[in-house]
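Each of the next two complexes has subunit A plus one more chain, namely subunit B in the first and subunit C in the second.
Moving on to the complex of A and B:
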């Protein structure tokens, strides 16, 4: 797997048109197959996609764009978790659970009696640290016992899910509304940027975090260590980086960022400002991040435009359901199809192979 | 204090709980032995569970559901196999794509097919009947038989040797005339089909329902079992039994007043996952994966 990851990392460093081309192709394939699924369900694919775009990328009404951006907010951060992992040679799919833990941290702070100005900073601190702790646990399993992170992070996701469910039902239940936890009190909430929408200041915090992580990865010793560890364990050792410790740092950094995503969903998304039944307002944010990271070539800055693809799907899925009757889960299916198509190596590569085969045949014939 | 009939009951119920994990793990062992990783097991199980319920419920015949579940597994196997083996794509990305797709598509399809949200329970006739006298599922006997047969194929037949050779050293296998790509593709199909059978067990045999999170991490627990079973089908049998037992035990604890008073139900639900982490951390280190696993074989 490490060879695959290093290949992926080197791939990302060669951002060029052919990769952009591949992504466009993958998205086309995903949407085309999605249209077939819509038709199979007995709905009108054209109406469905038209409503999807009209309620997500419609520039005539700032509400729609604001909603799309609000959905990019958490997935930018969970995408960072995955991207940092890939840079360190890890397949860290634990963002999902780290989001849950981060949100739980924010709710813990919300339950306290505090001076009003303390809610927000403390929620960010506690939530991010809980997310970081969740990353650290996966990191320790990897570093000390060589447990495959694909397995450990998924197990931790489920453990986090049930811990949050426990907290929702037994500890932080809302005495007035059974379907959610207590809410973040108003002083701990982030101001809304576009009135009437769900776009809050958390979007700006998310963007800033992306830039900070970009800076860490490309301009600090830690980032260098992470990148060199991702390329080769031995190279990392010779360069003076401690690969074991670096792996831990990469997990913790990823966890902190996804923990923050959970906090921002609690402090920055109206109307609930709480965790709902079955963590339904958080479910899937971590996995959406994987899609964003892959579409963004696992590069922190490319995550920003890539997140718009997923943000648009999430925002537009509601309009698609209302106007065309298509169940909104379809967009997650389309997302999966895009990722499967991304796994197919580029057409340029395939053309090269065909050429090579022809030339080899020529040699044999001679 | 220990009630023998109770213990027997838990053991009997474990025979259901172990099947999905065992089948997915067996399939993944066969696939990884040839060098192809499939982390989309969870998604295949979910998609096959859906196909099995839909077909079994339509024909009111559980065996039709089994065919549909395995068929769906094969279909995803073809996609994953073509991408991984022939197009030399990224096996891990393809697998994660399958998982994401399944998660969305199944929720969508439940609504399209049955016009309900999130949950459907098939009619009684669609459910797999138990075998008379011993009371286990016929698929349980099949699962155990598959584990033993797979052991013999892998270790006692020429074909098994070819599969392992391809996973260890495809260049050498190629040189002695083994069709590397064909072997890998067949192994991928077998792996996906068995994961599909595992999903079928979930939806029309054991739990007799379809939800969008039906496998609940079992596809990944199967990946863990592949690791600490050291890619050996017979060890996977033992490992799956341990997990089947733990899963049943946690279900049993949920109905026990003493336990419920002590640990709240949501926390009892964490037992299988914590156990997976603990057991994996405790046993790993001795295991050695096939040398060429996860890497596409490029001839040129």
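Moving on to the complex of A and C:
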């Protein structure tokens, strides 16, 4: 163990330090741009940011931290989907649709008459599998017809959106509340950790999943094959792995994880425990995950701290609205600017890797 | 009248050209090359002789390190390919540079500034020179021979006087080759000068007027085609100084370790790359496959390793039929494989030494527990053993292999493959790009393997290597084996002629032995 830790420490080389430095700079740039936007809207940027921090990272009241962590729960998982894709050499942006499908799976289970103890495990099972199925479809397109995964996953995201909308309106509608589906019955809900907040046991499940996927990617044969395939198709084939099948596994693994994110949003988040109009309580979780993954250099364990950024911005947005009077539209704009700025260093890092891969794949000189 | 003596008859003169690549490789060591107006000039040589480099310099793609170039009598410094084009020099590369989704016509006029030639102009040109190609079909739907014609037409509409063709017959059928030669002769009648880069003796004999032979970056000589013969050309092409010799004790090989029967394999382009090859490698011998690259060796090796499907034929490993077995099963049956491309295939460059030391061994229970998790501590010991045994220079076992030198990368690959305790070792270009020290080290390892009773299949385009190491040598040409010879009892002309497309029987008939 200590040998392992010392190896980890030796890996914290100049490159990683310079990355940390870049992230700090990027954060400053993002906040500066956001401040300009707030000032342009006629509000006080300093008051706005003070409220943001005060209602997200305020340690004096566990409620605020709990809220921040509750918002990191789904994006950790959707970030994982993207990160696994990158390790396999993919640009898989299908987490968004897989979250919808996972949530739909949970609602399907919620509609059944079941022994109370079965709701939760069955919801997790059905929701994850539906997410996995969504990943599998994109994977099959890639494996069989070499369809670019960016195109197929965007399309699948929309298909999932409209399936969920249809189900909300015509199948699982709540007869008392037209704007949402039926809710998960109380036995199927995950217990709240910090009373009064939205932080439930789903956060722990999310963390555990991140660690499990980290283990799969770094310590199993499947993960090894995924990483080799991501670096070089030819090397994977040479090693005796089946790169096509391995890619498919990476899609499915990503889908399962985002499907779980959808389930946890239903079973672990008060007050709804349901899908609301236009999937508004799910929309954007998949795309936020991409940003989180990029900030965390597509490394499962770095995703955990990187997700705090998103959690903080989401939790603090209410404070910015209430205390500084900044309207929601502007808050969203500021969030976007900060997230984009933060993702820039990680994105360039990834592009460098892709460039290296292309140059390996390039035509041999005569 | 001797055309060559009048300076006005010279289209191009290249004088004392030296080219050193940024990585220190010396490709050309003072080459003098002359092109007379209106001739077809063959440029002959083995891989790495410098043919393509020399012509890339003439077409403005590479800058010479030293030397002068005269076009039509006046000195020029070529700045770019378009500069060379404006002087009337154009090159058709081995890998064609057409836009796949554009039609023939769109490709031909692509990039022409100012007034583009009309369809009519192009059609007239096609009739004139006899290079017919459909103009309205997307290039990706056309066969390779037709694509090549389009590429040549692309040069002709730009009014080139000097047309350079780099190995133009590589992917052509015999009929397409004949048609190409016919057109080249027509172009010659129109006063075009043509450089024909090739390693195929027959084709050089058939179509050229003069031939310049390059070897290791130097001109061996320029001869008139009518005054030479294949035997002389082969000697010029492969005549070699022995770099070093290796002590090899005689050994009596026994039993078939690897047997290949009537093997047919397809290339990526869908053409037959290996056409009915049969041979056997016995325990305790090195069986070499010589030949100019691109004659099916790569496909043959990939078929043996299971990376490429077999169209017809059988492969046996120690009497087990492995023709349709999965790659990992072939490894577990005792096959070790050193692929020709270590950067792309043999190693995962971004991964560490430890991770690469188990590449292709991830199926082995020594490194994988029952739960399919990798035993990294075992892998680390394994990597450490390889690094120590083969004296590999690494900063740490956790450094990515891309930070290792080429020689150390290759030692890691070879060490890993030998750690499998294999029965058969397939080594493709095992010393390519390595320095003298690493080269010698790896060659000695192969000899040791042979002495230990293993079977080694050595595929290399380095003739010295094949001839000094092998107990028997097969020469491949266009997917076929031209003959199997004992390298200690055969002259280099014979090998050279077989590399250029003559079977062993034909060579004997021509008096090459």
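Note that the second predicted complex is superposed on the first by the 312 of 366 C-alpha atoms of A that agree within 3 Å, B and C clash if a C-alpha of one lies under 4 Å from a C-alpha of the other, contacts with A are read in each partner's own complex, and residues count from 1 in each chain.
We adopt the following convention: contacts are C-beta pairs under 8 Å (C-beta built on N, C-alpha and C of every residue); 3 or more make two chains touch, one makes a residue touch a chain.
Note that the structure is a prediction, hence the values are computed from the model and not measured.
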Just checking: does A:108 make contact with subunit B only, subunit C only, both, or neither of them? Give me first, second, both or neither.
neither
Should A:194 be classified as contacting the first partner (subunit B), the second (subunit C), both, or neither?
neither
So, does A:47 touch the first partner subunit B, the second partner subunit C, both, or neither?
neither
After lining up the shared chain so the two structures overlap, which partner does A:336 touch, if you call subunit B first and subunit C second: first, second, both or neither?
first
By residue count, is subunit A touched more by subunit B or by subunit C?
B
Would you check which partner chain A:27 touches, where first means subunit B only, second means subunit C only, and both and neither mean what they say?
neither
Answer with first, second, both or neither: which of subunit B and subunit C does A:155 touch in the superposed model?
first
Could you tell me if A:147 is touching subunit B, subunit C, both of them or neither one (first, second, both, neither)?
first
Residues of subunit A at both interfaces, subunit B in one complex, subunit C in the other
353, 356, 360
List the residues on subunit B that touch subunit A in their complex, please.
37, 39, 43, 79, 83, 87-94, 96-105, 107-109, 111-112, 212, 216-217, 220-221, 223-224, 227, 264, 266-267, 269-270, 273-274, 276-277, 280-282, 284-285, 294-295, 300
Residue numbers on subunit A that touch subunit C, as the complex places them:
7, 10-11, 215, 219-222, 224-225, 227-228, 231-232, 234-235, 237-241, 353, 356, 360-361, 363-364, 366
Subunit C to subunit A touching residues, read off their complex:
52, 93-95, 166, 305, 307, 326-328, 331, 337, 339, 341, 343-351, 355, 359-360, 362-363, 368, 371-374, 376, 396, 398
Can you check the complex and tell me which residues of subunit A touch subunit B?
1, 3-4, 8, 37, 40-42, 91, 93, 141, 144-148, 150-152, 154-159, 162-163, 165-166, 169-170, 284, 287, 290-291, 294, 327, 329-345, 350, 353, 356, 360
